[in-house]
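One chain, subunit A, links the two complexes that follow: it is found with subunit B in the first and with subunit C in the second.
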Partner chain A sequence: MSDLLIIGAGLSGLMAAYTAVKAGMRVNVAAKGLGSLHWCAGTIDVLGYTAEQPNVPVKRPLEQISALVETHPQHPYALLTNEHLAQTLATFVALSKDIGVPYGGANNPGDNLLLPSPAGAARPAYLAPKGQLAGDLSRTEPMLIVGFEGLRDFYPELIAENLTKQGYSARAAFLPKKLATNRRDFTNVQLAQGMDSKEQRALLGPALKKLVRPGERIGLPAILGIKAHATILAELERETGAPIFEIPTLPPSVPGVRLYTALRSYLQGLGVHLTAGMEVLTAKTVAPNGVPGTVQWVESATSARPLKLLADKYLLATGGILGGGFNSEMNGRVWETIFDLPLTVPQERADWFQASFLSPQGHPVFSGGVSVNKAFQPAAENGQPLYANLWAAGKLLAHSDAIQERSTEGIAIATGVAAAQALSS
Partner chain B sequence: MYTKSWHSVGPTLDECIKCNICTSYCPVSAVTDLFPGPKYEGPQAQRFREIGQPLSPDHSVDYCSGCRVCNEVCPTGVKIAEINARARAQIMAEEGIPLRNRLLGRNETLGKVGSIAPALANFGLHNSFSRLMAEKVMGIAREAPLPHWSTEGTFGDWFKKTQAVRLKSDKKVVYYHGCATMYYEPFIGKAAVAVFEHNGYEVLVPPQNCCGLPLLSNGEFDAAAGYHQNNINKLLVYAQAGLAIVGTSTSCTLTLKEEAPELLDMHSEHANTLTMATWDIFEWLRERHNQGELKTDFREINMVLPYHAPCQYRAHRVGKPAQDILALIPGIDLRESQARCCGIAGTYGYKKEKYQIAMDVGAELFDFVADQGEDVEMTACDSETCRWQLEHGTNLPSRHPIEFLAAAYGLYDLEKRDLVQGA
Partner chain C sequence: MHKLETEVLVIGGGATGTGVAWDAALRGFKVILVERRDLTHGTSGRYHGLLHSGGRYAVKDPHGAAECIAENQILRVTHAHCIEDTSGFFVVLPEDEGEYPDKFKAGCDAVGIPCTEISVAEALRREPLLNPRISRVFEVPDGSSDSFLAAHATAQAARNAGAQILTYHEVTNLLLAGSESDRRVAGAMVHNVVTGEDMEIHADITINAAGAWTGKLAAMAGIEITIMPSKGTMVAMNHRLVNTVVNRCKVPSDGDIIVPSHTVCVIGTTSINVPDPEPLRIEPWEVQKMLEEGDKMVPGFAQARVLRAWAGVRPLFQDTYTSGKGRDVTRKLALLDHKEREGVSGFLTITGGKWTTFRLMAEATVDDICRHLGTERPCTTATTPVPGAEQGHYWLGHRLHDIEENRLQSELVCECELVTRTMVENAARRNPLLTLDDLRRDVRLGKGPCQGGFCTYRAAGILHEMKKAGSWEVDMSDEAGSTAKWEVAYLQSPAHNLTSDADGHQSSEQPANTADAFNPNLLLRDFLQERWKGVTPILWGRQLKQERLDELIYMSLMNVDHLPDKGLASPVTDFYHFDTRPTVEEVADV
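Up next, the complex of A and B:
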């Protein structure tokens, strides 16, 4: 029995857990697997593009959001005032320092950063881990992009060439694989874990020092340690005399793993019980007097009989299609997996997509989800909550195409924090 | 209507989105190049193991320890460890099973034979010459923490001998002891019986067999199916009568519930009845506590206690009930390990070519125990082979959580590992 059960351990679930435990609640988190932070670049994208100008990165996202919610009054950002949104992001920045994975923003406060992607594209992000900040393309130092021979999915020549085409000064170089690892086969996370060892990284600084020219900054794949990341960054900058930045790689993403690991262990220290491998399948609800009903308990899959998970309040942070918050069938049916909440997703398969694959308007299926009222409770059209003790946050929420907008993490933090504030007040 | 989310094993590979979280968290591929990782061995290689494919694509799947950390972290529910276990069995079926694996799979037979003359058997096995020979001839690592046969009689002997003083009650529970409690560690069973009876339950110990897990993890599926069928035959009547079948060995209870039916495709109604009646002991005790039925007349136990929830336990997906119950005992400063695996994984770490891998995997856990300070006198873990590995890796005694609970009731001596006389 707990005061609050959060279902899902992505960024919105973890930020909600932090907010609720700080408000004095006893919090449990149940997650099917490890959260979606493992898939993300580790940056906090608040608003990168708008449907009106799909090819122009947003320069000042918070100001742009004020305009966005005028035209999209149902957008998840419209559930918060602009000041409240800024506050939730400030909460995250302060927390990131406390857990030892500090985040920061552009030199000019309020601007988006523009960071090189592993394909050499310029990617708008509002906040980034300290280790990515020197990659901001508003800075003028020329870039030396360094990869390792044999490392898959990170091609410095591709990155440098694409950056150059966009008018940024960049060149590429390779280092032998043995400077990163002695393993025959490896993932980026294993490389990063290996870098935590001083012996493994001993030769990296001197090798980079040889490559770098005066005035350059150095971009490396995001493998610079897990636990020792801050130390490694400082070490390399000292040894090379150049600013160092990481470029996030394909999943699983090391910056995402760092954030997840640090947040999880910090939350556990605050008394939050987080269990992975616990898939919530169904809920027991009653509604003797119609809407709103009550959630009595939810049930998770075990090796035998289902396990009842009891709490006073429940927060659904199960994500969208990718996170598993809803599922679909070939015929077009889309459903929310635990409570079968009403979804705004079109229930005809033909209506899921625009005719054009890369349509700047995005595909309707991706902006569908659960509608909530101002208190973050899944609600009927008149705003009446469907269940008195159920709240929702994150990618599950309807009315935004977060991938198109580059707003996934911003929405996760804003709605995770605000939903937990609403339910604990 | 409740429907299970488990499909049969094979189709779950279609759920794989290739995110590689499993490989990033796999404790085995973290320490050796011999195992490329769960994604490659599981969903990826499985596409080449379809019917009619002449040979398995990669023998390195034998380096999967079966710890199931991959299943635990997978965001989309792929049954990676089970895919690997089936692949190993397919290789064994194609190429024959080594004598060593046949022996290690037959825990029950080894237990029985050794128990005829346990002192002799212990002497015969546990001397440096025999261990050297076992390594040279059979490939069983000479340093590996093999168990000792009980020299005070088996658990069955004790239970029979004490029938006259055993509690009779309307409330009954079936105890599934498993091979380790029967032949090597009868005191675990004594502690469990003491806890059951203290809470007013009469304990029934019907005839039962090995759960078959050692056979499953050594790739001998046909023999394992025989064991599981025997257990269904012997225990079904109790399950049908509505009695809980409760075990102290967490890997045995997992096998009875899920691993055997799933890996062997034994999804009969009878098998399902056994699944639904089977409980791990702390899962069952926590349910009693939730119902307000668990006695909490605990004595203080003052100690710092590092606790490792073994991977087989986490694979039950019931949370951490042993931790929930131990937290009720006053004085215990429980320190929860975040280590993925102790390394031993049943009989995996006994094998010569895998011993060092198992020790390297376990280092995470051994370091955690060392970090808890000088005052630590013992550790706790629910699984027998994990406790033996923990003792091997830390030089500290390790106990089953049920021993602490029995001790907190004043019924059990943690040092002597025996019931308190007259309690």
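Up next, the complex of A and C:
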């Protein structure tokens, strides 16, 4: 029995766990898998584009959000004041330093960073891990993008050419694959783990030193270690005399794994019980007097038997369609998998998609979700909570397409922190 | 204007056209084949991949059934590597009991299709997911074919015999000669859709093998051919739920066949008359019908993960057009001699038929070419294996075996389909390639569960590196046809692609004027949209989740929607942008 059971170990669930445990609650986290950080670029995207100007990256996201919530009063960001949103992000930045994976922002406070994507596009992101900051395209040093021959997830020529086309100074170079790994079969996370070994990375600094020209900064695929990442960055900068930055590439995401791993062990140190492989399947709820009802327990099925998980309060942070919080079927039904909460998703497949995959309007099926009241409780239209002891945060909240607007991590942090504050107050 | 001379001009790069080019070249004719897109862009690349035993036609069309079994046995030798020897079951479901099964057995016996009734227990032992309520099972020599590989191998055989194969060359008009009363087709005006150049190809005889576009081509000579395009929708499942072709033992109808194909299985088809061969909309009821019918043969089928849906058209020919249903129109080949029919000489149309009989269609056509050109040369295709056939039949573990034997794990560009980097590089160098979709046809890139989620970026990156190094010299000019490099028989085999043609290669030729078309950002956008087109009809459940991951990768991580060169388009960009979203149900026009 705990005070709070958080379902989901993505960024919103973990930030909620941090907030709640700091508020003195006994917190359990039950997660199906490893959480969505393993997919992401590892940056904190707060707002990158708006539907009104889909081709212009947002320059100052917090200011833009003030305008956004005026026109989109149901947007998840509208659940917080702008000051509150800024506080939650500051909480994250402070926490990132405490856990040893420090994040920072643009030189001009409040601006979005523009970071090179693995395709060479300019990605707007509000915060980034220290190892990505030197890639900010507002800086003027020319870029040397270095890849490893035969590495399938990183194409420096493509990155450099596209950056050049956009007016940035960039060139590409290759190093032999053996400088990155001797493995035959690898993921990017395994490459990064290999780099943790001093022997594996011994030749990398000198090789980069030979390639780099004075005044250049060096972009590398995000494989510079997991545990020894900070050391490797400092080492390489010292050996080459150049600023080093990582470019995150295809999942599994190394920067995401670093953040998840550090955050998880830090939370465990604070007494949070986090169990992965604990998929919550159903809930037992009662509503003797109508709305609001009460969640009595939720059930998981580990070790092939039903397992009751009990808490005073429950926070649902299972994500949307991608995270697994929602499922869908051919007849157009989309449902929330544990409580069958009402969703704003269109219940006709004919209304789910735009004609074009990359449509700037986003596909309607992905912006639907759970409606909550100002206290982050899943609620009826009149604001009445559906269950007295249930809260929700993160991607499953309705009224935004976070991938389209590049707000995934911003919404996760803001709503995860704010929901935990609401339920612990 | 540029002019080419040939004896035989073949229009259409599907199974039939490549077959005609192969046969004619083997008989010593000078041959040029033109195809408006990539080989198998049309129906040959959009069918379920069944190598017919003839069983499906045994009751209704014994002549067609006899053709099928004869060709089945020939193709198993000439195109061995394009065929998986899956065998086939005709199963009798409770609702299918009656006279048909006995008629079916008698029909097979009458035309010589090896047909054995096996016990239900034996069938269930071999296919445990089959509906246990089936009452009878007949086994016939059905197979599973790879129509992409077969067209490539046939085209290579044609090239080896001297033919020129020109892809991305679209016929804009036929060259007409002679007087009103003595009209002759003297070749065609051809537009190179990549370079934008036009040319005249003069030919002694022109073969219309344009499949679903047959009628449109004939109209250029003022000839009316009533082709009834009959749309068939197919659905690919994420798993190979059966290892044997499974047919319903009843009068053919919608969704009555499941064909295992590489790592997946395909259920087909519907049959709906459509006005145009392209683009083709897939209606939600069609997908639902396929899944419901599949569920009758394999209980649980409808709950399995769906990978993709597509549609092709059968170019059905009927001399006197009636508004009959597609399946009732003859599937026999139709060879039309326009001199006899309309008094237009130098022009033959070959249409109808089915993939299994493509070689026979080609033989009949080239026999007629000989007659028209006043020469007698015997057909040898029935006994001439195409390059690659010596590898023997395809088997499911073939790629995995190659990867493990040669320790190619780190080389995998597409984990779903086990495509290595050198396979991509060699395909790009050996087969004229304009889009990543062409690479999909060459090596199966992006056909697996993630539908291009991971390999689209990798393939675009690799092609871009090759282009930078001058080792992707995409020669789309008409001289390209005769190069010996065009070596595609082993594109699909990891073990035959251990080393890259691109290594150390320095191009001495100037690349064609193709700067726009071979842009990596365009490659990315085109292929993402191409994959989207095929998944939108079936996006729900786990495949919808997968699609959202692909969005995360290409929008959130890559920011592909904000890459430069937004205005660029390839000749197929518009085709990929055809809207295939599910619609509110409409009543089908059948």
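The criterion applied here is as follows: the second predicted complex is superposed on the first by the 422 of 425 C-alpha atoms of A that agree within 3 Å, B and C clash if a C-alpha of one lies under 4 Å from a C-alpha of the other, contacts with A are read in each partner's own complex, and residues count from 1 in each chain.
Operating definition for what follows: a residue touches a chain if its C-beta (ideal position, glycine included) is under 8 Å from a C-beta of that chain, and two chains touch if they have at least 3 such contacts.
Note that the coordinates shown come from a computational prediction; the quantities given were computed from them, not determined experimentally.
A.B. asks: For A:39, is the partner it touches subunit B (first), subunit C (second), both, or none of the two (neither)?
C.D. replies: A:39 sits against subunit B and subunit C alike.
A.B. asks: For A:304 in the superposed arrangement: first (subunit B), second (subunit C), both or neither?
C.D. replies: Touch partner of A:304: subunit B, not subunit C.
A.B. asks: If you count the residues of subunit A that each partner touches, which comes out higher, subunit B or subunit C?
C.D. replies: Touching more of subunit A: C.
A.B. asks: What is the contact status of A:324 with respect to subunit B (first) and subunit C (second): first, second, both, or neither?
C.D. replies: both
A.B. asks: Mind working out whether A:87 is in touch with subunit B, subunit C, both or neither, as first, second, both or neither?
C.D. replies: neither
A.B. asks: Between subunit B and subunit C, whom does A:74 touch in the aligned arrangement: first, second, both, or neither?
C.D. replies: neither
A.B. asks: Tell me the contact category for A:281 with respect to subunit B and subunit C: first, second, both or neither.
C.D. replies: first
A.B. asks: Using the superposition on chain A described above, determine whether A:189 touches subunit B (first), subunit C (second), both, or neither.
C.D. replies: After superposing on A, A:189 lies in contact with subunit B but is clear of subunit C.
A.B. asks: I'd like to know which partner A:344 touches here: subunit B for first, subunit C for second, both or neither.
C.D. replies: neither
A.B. asks: Check whether A:117 is in contact with subunit B, with subunit C, with both or with neither, and answer first, second, both or neither.
C.D. replies: A:117 contacts subunit C only, not subunit B.
A.B. asks: Find the residues of subunit A that appear in the contact set with subunit B and again in the contact set with subunit C.
C.D. replies: Dual-contact residues (subunit A): 39, 183-185, 251, 322, 324.
A.B. asks: Which residues of subunit A touch subunit C in the complex?
C.D. replies: Subunit A reaches subunit C through residues 39-41, 45, 49, 55, 57, 117-123, 150, 152-155, 157-158, 161-162, 165-166, 183-186, 248-251, 320-322, 324, 327-330, 332, 348-350, 352-358, 360, 363, 365-366, 403-404, 406, 408.
A.B. asks: Can you list the subunit C residues touching subunit A in their complex?
C.D. replies: 284, 287-288, 291, 302, 407, 409-413, 421, 454, 457-458, 460-462, 464-465, 468, 520-521, 524-525, 528-529, 531-532, 536, 539-541, 544-545, 548-549, 551-565, 577, 579, 581-584
A.B. asks: In the complex, go through subunit A and note every residue touching subunit B.
C.D. replies: Going through subunit A, the ones touching subunit B are 32-36, 38-39, 183-185, 187, 189-190, 193, 251-252, 257, 265, 273, 275-279, 281-282, 299-307, 322-324.
A.B. asks: Which residues of subunit B touch subunit A in the complex?
C.D. replies: 2-6, 17, 19-21, 23-25, 29-30, 33, 36-37, 71-77, 254, 257-258, 275-276, 278-279, 314-320, 338
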